[in-house]
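Next come the structures, one after another.
Okay, so chain A shows up in both of these, paired with chain B first and chain C after.
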Partner chain A sequence: MKKALAIVLTLVLVLSVASFAAAEETTIRVLTHMANQINAIKDSFEAANPGVTVIVDQCNYEALNDQYEVLLSAKSSEYDVLVVDGPNAAAYVQRGYLAPMDDYFTAEEVAAFSAALVNQGTVNGSFYAAPLGDSCTILYYNKDLIAESGIEFNVDQYDGVNTRITWNELIDIACQVTKALDPDGSRGILFPIAFGQVSEVYMMNTLPNSLGGANISEDGLHVAGVIDTEAWYDALKFYQDNVNAGIFDRGLGAFEGYSNFYAAKIPFIVMTTDSYNYALGGGMTPENIGFTYLPAFDGHESEVATACGNWTCAINAYSSNKEAAGKFVNWITYGEGNDLFLKQESMVPNMASRFTDDLYAVNPALKIAAAESGVTSVARAVTPGFNEYCAIMNAMWEDVRNGADIEDAIADAVDQLESALAYYAE
Partner chain B sequence: MTRLNARDKRSGMLPYLLLLPVLVFAVIFKLYPIFYSFVSGFQFKGAVSLRTYELMFADKTFWNSVSVTVKMNLIMTPLQIILSLIMALMVNANLKGIGVYRSVYYLPVTISMPVAAICFSMILSYNNGVANTILGSFGVPVQGFFNDKTQAMACIIALCTWKGCGYWMMFYLAGLKGIDDSLYEAATVDGAGYFAKLFHVTLPMLRRTTLFVIVADTSTNLLLFAPMKLITDGGPRSTTDVLMYEAYRQAFKYGNYSKGSAITSVLIVIILLVVLLEFRMMADRDR
Partner chain C sequence: MKTKKILSRACLIAVLLVLAVIALFPILYPLMSSFRTDQEIYKYSTVFSVNTLWPVEWTAQAYLSLFTEYHFARFFINTLIVVGTILPVSIIMCSVAAYAFTFYHFHGQKVLYTLLLLTFMVPGEAIALPLYQVISGLGMVNTFSSMILPSLANGLTLFMYCQTFKDVPDALLEAAEIDGASWLTCYARIVMPLCVPTTIAMCLMTFVNEWNNYLWPLLAARKDEVKTITVAITAFKEENVIHWNLIYSSSMLSAIVPILLFLPFQKFFVSGIAAGSVKG
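Coming up: the complex of A and B.
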């Protein structure tokens, strides 16, 4: 009898320990469009946090927002950590999709991030979205093509603070380069200048911003009186005139310009600083990738605006593993995970102390980001209707590129956005 | 006698039992979502309200989508039906090797819409599309196609017509095969020519097939979505922003499920009205 009792008690003990051990095992799932980069570093987090396993799922960049709407509106707890485009954070908080992270970040840790990135992820005083990094738009050029054309293009004269190339100077040089390289069009140079994220507000709004135009009203609920202003008309006319003249790209989709630049089909292109590493991956070499500060408009040199903001990490409000998810988000944004991540993704760092020589060695274009950050950088529209803003404004840019009457295109965008944002005004 | 009645009852129940699984699936996956959609449309930020409909009816984008949807269907549906009928009449001929033509005409149906849409967008690409290259060799300037507000809808209609006509052709072909040859023989004896036989024998005998094709094609076209999602995003200048795409955009891009549901409800009502009208018109002709 005693023996049997001892066996039963031992079994109960073993089962209890086993179940306790099993309970200690936590798996967190991450949804992102950068799975390769996060998979490459997650072992380090798992080693530092025994019992926590990280599974990273890839989702196409264009489909990520749609995925979130489908999953989170159904209150899905499938993913614990969400990689969210910064300006969307406020809208997601309003819809109840994100959990506050105040328990997982100290006030000092939050304060270490760049102020603009903290503002982007803070709603009603709570911190919801921690920045993975920042971004910056710069002008790239193909050094080999410039040298082959025989046209002089010296970027050393620009320091970004006091001097930078103007759009008119760039257009003049880019046309000369294209004419010298491909006088009869047989070589297949597509356009003298391209915008990498063409017809996307992130990149295109820097044109009206560089003429003093704002993106949206202070309350984030109106565009009337903001985008139907002289700065916007002038910027759109400048853009459309140059598309019509065959100088700026037409017919290429967003990101199609990138591969054409890597293939030496476009001599000059506006891209983000992290594109430097993508260009290397696309077959270019450090010797033939040139870059300089984003151009300014003549007479508006002091108003030049560069794009900024980037992807953030947030916790799904419906996650049942918030504690482990919070640890992971802290690690990859504030902790040592961010240093590892920056080496993989080459984003602009999310805090000043991370601009190091080591990082510049990996991506020298980040030196320009360091100079522009906080000086010329303009955040995207801050509005709970950011998705609506992007969809309607992107369509407006595309319509203008395709020859729409500028006044009509702006009037349509104002009408549509005022209707769409009225939902959030109530 | 009693045993026979029981067997009769059991066998009488059999068709309903066999139909039950389909009915259950139809209720779960068709009727319930429609009902849910109607209910969701009457919600605004979680509360029961007509505000979603008020905002929707005051929104120019919605009315533009209604206009685009109606215009597209007024052109595309008759075009597809006429072309399908012509194709069916052509492949109904008793010629050697006609099966090859039937297969070729039917082939686009076997290609999925996303694949077809991507192929068309590549062929009609502004920069390096085959269409512009061919036109360029004849001195025609570069065309915008899907990027041009005057051409985008025509391109989508061309894509859907190319893809859809073979399908509807098969129904017409089945209808044509069901027409008794003696009717044509009698018409020939009466001295009727090809067109007299077509209008006085073939088309009246195809009335039921035509009714099915009209109703099915109308509802398919009113729910068209993939080419807009994959190629135009509703542009340029909202000229391809049909109701179905606008409903998708509201629900899955903007996270406004109430408005997406309200638009879907309006679309369902439009489809029901159009189909009822089509039934009515065909019934009048029958009388």
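Coming up: the complex of A and C.
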């Protein structure tokens, strides 16, 4: 009898411990295009949060938005944490894809992020998308190529705030450099100047923005009267003229210019600050990567606009592990996880206090981001129809690049966007 | 006269050689580039020269990285599991169904047959979203089943078998039935052996389609444990950098299996397709 009782008690004890342990175990899944970077730091979160396991799945960044549309329109709870491009957050909230994170961030924590990033992730007063980092567009150049060309290019004279190179000056120097390096084209220098994210609103809209043009109406629902303005016509004409002249890149797709710059095929390129570390990985050295502030248009020096915004972390509205997901999002965006993440990805920090000498040692280009952040940075169009905005505007930039009539291209874009955004106005 | 003949033959060979090089360029360039570093690919990509095609410094680093750093063997095996399961099951299912449609008569046969034919006329992309919702509702996302089940019933395979079966003389089956053969014996021992070219053609077609399938595995299987090659390759195009040598080397490895299968069986493929293409 005693033996039987002992067995029963032991069984009850084992089952209780097992069920307790099972109840404590939580697995959260993250979908991102930066799985390597997050996998490299997630152990630290798991160590600080016993019982929570983080699994990170990789998805190609170009397919990420489509994946979310498929997953979340099917109300899938497969992923708890979603890495979302900042400007898409508002649209996802409107479709009911994201859960508010007010319970996982205090008001002080949210206020610590850069104001533009908080604004981007806040919808109807609730915080939905916490920034992993920020971004900044700057002008890179290959120091070795410039030195070899014998053309003088001194960036020390520019402080960014009061002085910076102008587009006309840059075009003049870049053409001289290219002519000196490759007079007969036998060396294969592709173009004097390239835009890394060519035909993408993120980078290209900085041209009209730098002439005083806005991206969208304040309510985020109209482009008529916004992109069919003098600033836009002038910016597009400037761009098209320089493409036609063979000065700006043609034929390369978005991001294809990056690797060509790393391979010394392009002397000057506009890229983001985090490209610095990719350039090192692509074979460049700190000694031959040069960078300076984004150029200004003559007579519009005070209106310079740089691109900003970056990827954010959000919680799937259909997740059944919101508590653990919230902890993770807080850790990787506000907490110590973000310090670790920035070392992996070298994004522009999401708050002023994270601009440190340690970070500059990893990526000195961030000094320019620190100077531009909040001064020249212009957020991408804040609209629930951001996907449609991107698709139509990207196509417009590409059409203009390929020789389309500028007035027709803008008129088409206005027609299409007004029609697409009318859905959200309703 | 003889000189003229030799000359015209030489011209013909030269033209064919040029055409062959043009046709092979899309294979040659990735193959050669898979044995060089990314830096070298970019360095010699513009101003076309011998080095645009021929590596200056040969390296198998990209292939090594695929297996040591990126666990490509796992994706390769995953793809083999998916295709290796779909292939026999799909062939058996479709040929049995075709046997029923061809040799039996039942109510609603024509309607049912038309419905099945419609399945290969609707592009997969058009039904991807509702299909995902079904698979998600069944809790099968990120499993091998999610990639295998939707591909089992194939309208085209069924159609091809029906067309081929129509060629089998009724007398042959009647004689077998008189001798006491069951439908299964007739199907397996009499009809299917007569349709070897169609079976090989459908096996090849199914294999290549499933091996190259991208959209559905992208939606249904994101976990590394079940990810297939086509989806894994896209990871080499990152936001700030494109690893062309990894893309080329993984594409070459991915192409090897279908090529090895296709070359020895290509004559059957042609005769198999032809066998099912002229029936009313």
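Everything that follows uses one rule, which is that the second predicted complex is superposed on the first by the 420 of 426 C-alpha atoms of A that agree within 3 Å, B and C clash if a C-alpha of one lies under 4 Å from a C-alpha of the other, contacts with A are read in each partner's own complex, and residues count from 1 in each chain.
The definition used in the following text is that a contact is a pair of C-beta atoms (placed from the backbone, for glycine too) under 8 Å apart; a residue touches a chain by one contact, two chains touch by 3 or more.
Just so it is clear, the model here is predicted, and its values are computed rather than measured.
Engineer: After the superposition on A, what does A:G374 contact: first (chain B), second (chain C), both or neither?
Structural biologist: neither
Engineer: One more residue to check, A:P286. First (chain B), second (chain C), both or neither?
Structural biologist: neither
Engineer: Would you check which partner chain A:L252 touches, where first means chain B only, second means chain C only, and both and neither mean what they say?
Structural biologist: In the superposition, A:L252 contacts chain B only.
Engineer: Could you tell me if A:V70 is touching chain B, chain C, both of them or neither one (first, second, both, neither)?
Structural biologist: The answer is both, since A:V70 touches chain B and chain C.
Engineer: Identify the partner contact of A:Q416: answer first if only chain B is touched, second if only chain C is, both if each is, neither if none is.
Structural biologist: A:Q416 sits against chain B, while chain C stays out of touch.
Engineer: Does the superposition put A:R187 against chain B (first), chain C (second), both, or neither?
Structural biologist: A:R187 contacts chain C only, not chain B.
Engineer: Check whether A:E78 is in contact with chain B, with chain C, with both or with neither, and answer first, second, both or neither.
Structural biologist: A:E78 sits against chain C, while chain B stays out of touch.
Engineer: With the two complexes superposed on chain A, say which partner A:H33 touches: chain B (first), chain C (second), both, or neither.
Structural biologist: Second partner only, chain C.
Engineer: Comparing chain B against chain C, which has contacts with more of the residues in chain A?
Structural biologist: Chain A has more residues touched by C than by the other partner.
Engineer: Can you list the residues of chain A that touch chain B in one structure and chain C in the other?
Structural biologist: 70, 73, 190
Engineer: Write out the stretch or stretches of chain A touching chain B in their complex.
Structural biologist: 65-66, 69-70, 73, 91, 95, 190, 250-252, 385, 387-388, 391, 395, 398-399, 402-404, 409, 412, 415-416, 419-420, 422-423, 426
Engineer: List the residues on chain B that touch chain A in their complex, please.
Structural biologist: Checking each residue of chain B against chain A gives 45, 51, 55, 58-61, 125-127, 144, 147-149, 233-238, 249, 251-257, 259.
Engineer: Going by the contact rule set out above, which residues of chain A touch chain C in the complex?
Structural biologist: 31, 33, 57-63, 67, 70-71, 73-74, 76, 78, 185-188, 190, 255-256, 258-260, 262-265, 271-272, 274-275, 278, 281-283
Engineer: Show me the residue ranges of chain C that touch chain A in the complex, using the header's touch definition.
Structural biologist: 38-39, 42-43, 45-47, 128-129, 132-133, 136, 141-142, 218-219, 222-224, 234-235, 237-242, 244
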